[in-house]
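There are two complexes below, and they share subunit A, which is joined by subunit B in the first and by subunit C in the second.
Then we have the complex of A and B:
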């Protein structure tokens, strides 16, 4: 009897897990294996992939150093800029805001997501473009300011697009922070600033880590913002991949770049989790 | 008003309102230096609000709270020479036990040398018998141990007053009794003024030098535990502190009391009450007699239930015309063989001076 129940339970579990497992298998694991195979292959003369075993694609990576450099510098800087803006906002929403309006204010953070990032980034093209802010500046005599197609424009687009993703996890971790701990800190003689750095900040670090990891990882694969606001001058790995796969049809080289990127993401994730663990001291670290 | 310097805590005409809701009003209270004061009352009576006003987490809407003679209006919690043991301890989960205990010391200015900080933290941990637990994480500690960490974290700062908000509520009965004794010992050793908030009358009576009974935002009686128990100032106090039998009665003349069943007693303590009254009588003030008849100072009734408590026996006795009475009989005065059986007719004898008369 127990054996039969166990078998039944196992079947139910299998039935529940199967769709997700199949999905991951077909759309994640198999493509990744294909990519690994491609990365060690050669470009066929007419484009695409041709079987081989060579490290030539990886040896070729330095030719895309600029894309790696832009991505690996602008993604963390963008995430950091998001963090610096998001933390005070999340803190205000979770701690200072009138509870009666809190829900409305929090939903305002999410509202921009209702419009496509493409449309919103187009809007920034106009704001930063020659008929936007530079035009206004020329009215007061400041001529020849270039804003669009600069690293600054890409950074601005990144911060603008990803801010809500940083605010939400920090807001959640601050919102569930036990207020009595803040009282206990004050009771023990800690000034408000000391309470913030001694209690509030460390206890919200899991949220901070989640936000930073989330935004950084998404930024590493970002394509749209550098395409529109960087205009081919500031390009990310994502742009390089589109180029290699769709334009020059060099699948093996594109695969090598993609595999390298995945390896970088995994390393970043592991380091972030390690830090979050150590600082929070609990096992309840939700990362992504 | 006594000289402020002999009181560690003083409330003068303090009221606290939240919008239209009055949490406490008309609070006048003095806690002498080195005393153990319990604020006792049912939930919502305002005792915690009073404690939080001492701690600085609430500001009075009216009146002033003094700590060691200093008015505390507008003084932030972190500037007050008091420390609190929070109800659910509020220990910092991201710090280990020793870091929790030394948290207050690290806030002190001028700074204390870190060797000195860890020495004092160690000393405080040993005082609550947690030496050697310094490196443990908070979630690795049991409820009782967390309670001690919270205590150590507060006393390590040598506050003028230690505030305790229902500190034992989360512990099981055995541990609670042990901690009651420990808290009392600690208070004597440290000589610090303790203010304890509790809804548990036993806790209040057993630990404190003074009990302040509160109800509906006001103080109803302040005094030593024995006085609170033996001479309750109101029916509420008689009811809330210990068990009590309530009897409907009428005061007839200057000192004559007529119970609802017609029994008449001459009692000197009618407290100026006239007309309808309620009488409170402690269960242990009643002595059961076997020769069932009502005499001059006794009532007659039938035992309906017997609750055997080990050290004592409680009887529920149906008294003709007065309803059910609770009677507690000490085993030693009664003797094992003399347990009264349910159904037996008994007499209830008591000293008329044990009757507390309150206006109905």
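Then we have the complex of A and C:
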């Protein structure tokens, strides 16, 4: 009875998919539709939303150009800085570290996630504030150094906060790297440096792309770190959104910015995925 | 940013827990406990309602928790602990940096606040939007309109109905660390000049359109409440010129001032008094060119989940004995002559808290229109995103 089996199989599939589908529908699709509707509306006189159909909010987007610019510059810079630090760490963990301690070392990368990012960012406020590093510097005669509330502090916070998210995908792609390929490369006379750039790095690119996309996308919505370590002066789109909803109560404009941000994220994600798949795909062919 | 208000707990909290332990051990009577902790009056009031003195029935009526929305460093933590000890109701404290933020949350709904602390100029808008209830004064026997100073409390009454009762009044002035800044600062004009020179990188403005834009307007010789586009444009020009020199845009400036990360800030009376009390080098001055005088109120949101507890806490706070302790701890001047009589001379004689009448003359109360004016809201957003 193939038909009955199929029906049963379909029912099981539907039952398995239903919770996730309902979840996405209620918490992703419906809010997004609400946001789209709001984006074409008007700000009510006392704030909030009032029904209308206008493109005025999108026409107003250039007034937040600085926030978009800050975000679109600092997010890739932050991701790149994370990458430069994360790659050697991931390489060490996956290739060089003693396998006996590898699990412990990998766990240590994740340990900071056990504490809220808010608390850890507050700790940085203390370290960078007058009673922290500047206080130590004043001991050796360098007075009144200001570290907190600078773009550098924001970048530091970003690298600190997002480093584990970059290390993990790179580690995973390096860890499943076939060691025989490295040996083959060496046997064929390649120096370690050319083995790294010719074999290791290309094979780990999918992990790198995943890490960069993950960190960049999360950074595009970052609010907390610029607020706490930038003193509210280094302004991201996330901060612009908070202001629009919580201070000026301009929901339609806030929605328009949010919709635009989602569009930007989708484009970045598609490009990143395409590159990652292409890299992974071609290497796969080579291996076979 | 919900948090339990336990930090900086003054000695009274320890005394309270000592007394509570004694009560639990049975070494003192409940009456003694209520007397020494100042909870007697609240209990007496609550006792008028049948069955409330019994603590189980009590918990049933008031619930076990409530939520208040207020300002940073604005309450004596011991107050809420004492209230919990008396009623079994734990108070969750949410702090905000601007009235706009409170309004935005109430407009969006689902705040869960049972009591909140709006400033004078916002109340008419809350009433118009139907976000707050007229207060049932029969549930607030500790409040006495006759002992209040009308100048500070009249905006709580809209169309003859009382929607909010006063917490305290205050001013928005300048706090500066005199160890770091030697040039005298006596006006908002000075404030913005020093922020770009001697206090370069060390001055803070509020993350709050009313005071940040208002004081910039004052420094240019305009009204604190102006919504005229040409005057706002000049204020915006000044603010954007000052911005690269600022340390931060943040209404919670006490931590930065205490750590001497910041040397000068826009500052509310109560914060000025607290900072000066702990660090005498931090001075508080009023702008001789103007600035803000304000009063804060307690109001109950229409959406409050636990109105009974909201009223109970409000009535507790209105008792002069409790209000006196709040005033001593937070350093804001009282609107209630009953409280003024109870306050010690060193508080009433403190020129930060109770300045000379003459220094208040140039100050203005915030105007309702500034809360909803899209021009000011957009200006603030442009300033921050510049």
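Just so we're on the same page, the second predicted complex is superposed on the first by the 281 of 288 C-alpha atoms of A that agree within 3 Å, B and C clash if a C-alpha of one lies under 4 Å from a C-alpha of the other, contacts with A are read in each partner's own complex, and residues count from 1 in each chain.
Simple rule for what comes next: a residue touches a chain if its C-beta (ideal position, glycine included) is under 8 Å from a C-beta of that chain, and two chains touch if they have at least 3 such contacts.
Remember, predicted model here, so these are calculated numbers, not experimental data.
> Looking at the superposed three-chain arrangement on subunit A, would you call subunit B and subunit C a clash or a fit?
Result for subunit B and subunit C: fit.
> Angle at subunit A between subunit B and subunit C: what is it in degrees to the nearest 10, using CA centres?
In the superposed model, the angle at subunit A is 150 degrees.
> Mind working out whether A:148 is in touch with subunit B, subunit C, both or neither, as first, second, both or neither?
A:148 contacts subunit C only, not subunit B.
> Classify the contacts of A:72 with the two partner chains as first (subunit B alone), second (subunit C alone), both, or neither.
neither
> Regarding the shared-chain residue A:172, is it in contact with subunit B (first), subunit C (second), both, or neither?
So A:172 meets neither subunit B nor subunit C here.
> Which partner chains sit in contact with A:186 here, subunit B, subunit C, both or neither? Use first/second/both/neither.
Touch status of A:186: first partner only.
> In the overlaid three-chain picture, which partner chain does A:129 touch, first (subunit B) or second (subunit C), both, or neither?
second
> Would you check which partner chain A:198 touches, where first means subunit B only, second means subunit C only, and both and neither mean what they say?
Only subunit B is touched by A:198; subunit C is not.
> Have a look and say if subunit B or subunit C is in touch with more residues of subunit A.
C
> Using only CA atoms and the superposition described at the top, report the least gap between subunit B and subunit C in Å.
Minimum over all C-alpha pairs of subunit B and subunit C: 45 Å.
> Do any residues of subunit A touch both subunit B and subunit C, and if so, which are they?
none
> If you look only at subunit A, which of its residues touch subunit C in the complex?
43, 45-48, 63-64, 66-67, 129-131, 146, 148-149, 231-233, 235, 239-240, 243-250
> List the residues on subunit C that touch subunit A in their complex, please.
Within the complex, subunit C contacts subunit A at residues 98, 100-101, 103-105, 107-108, 125, 128-129, 201-202, 207, 209, 243, 246-250, 256, 259-261, 372, 374, 377-378, 380-382, 384-386.
> For a test of understanding, state which residues of subunit B touch subunit A in their complex under the given definition.
Touch list, subunit B to subunit A: 55-57, 76-79, 82-84, 86, 88, 90-95, 103-104, 107-108, 137, 139, 153, 157.
> If we count contacts the way the header does, which residues on subunit A are in touch with subunit B in the complex?
178, 180-181, 183-192, 194-195, 198-199, 202-203, 279-282
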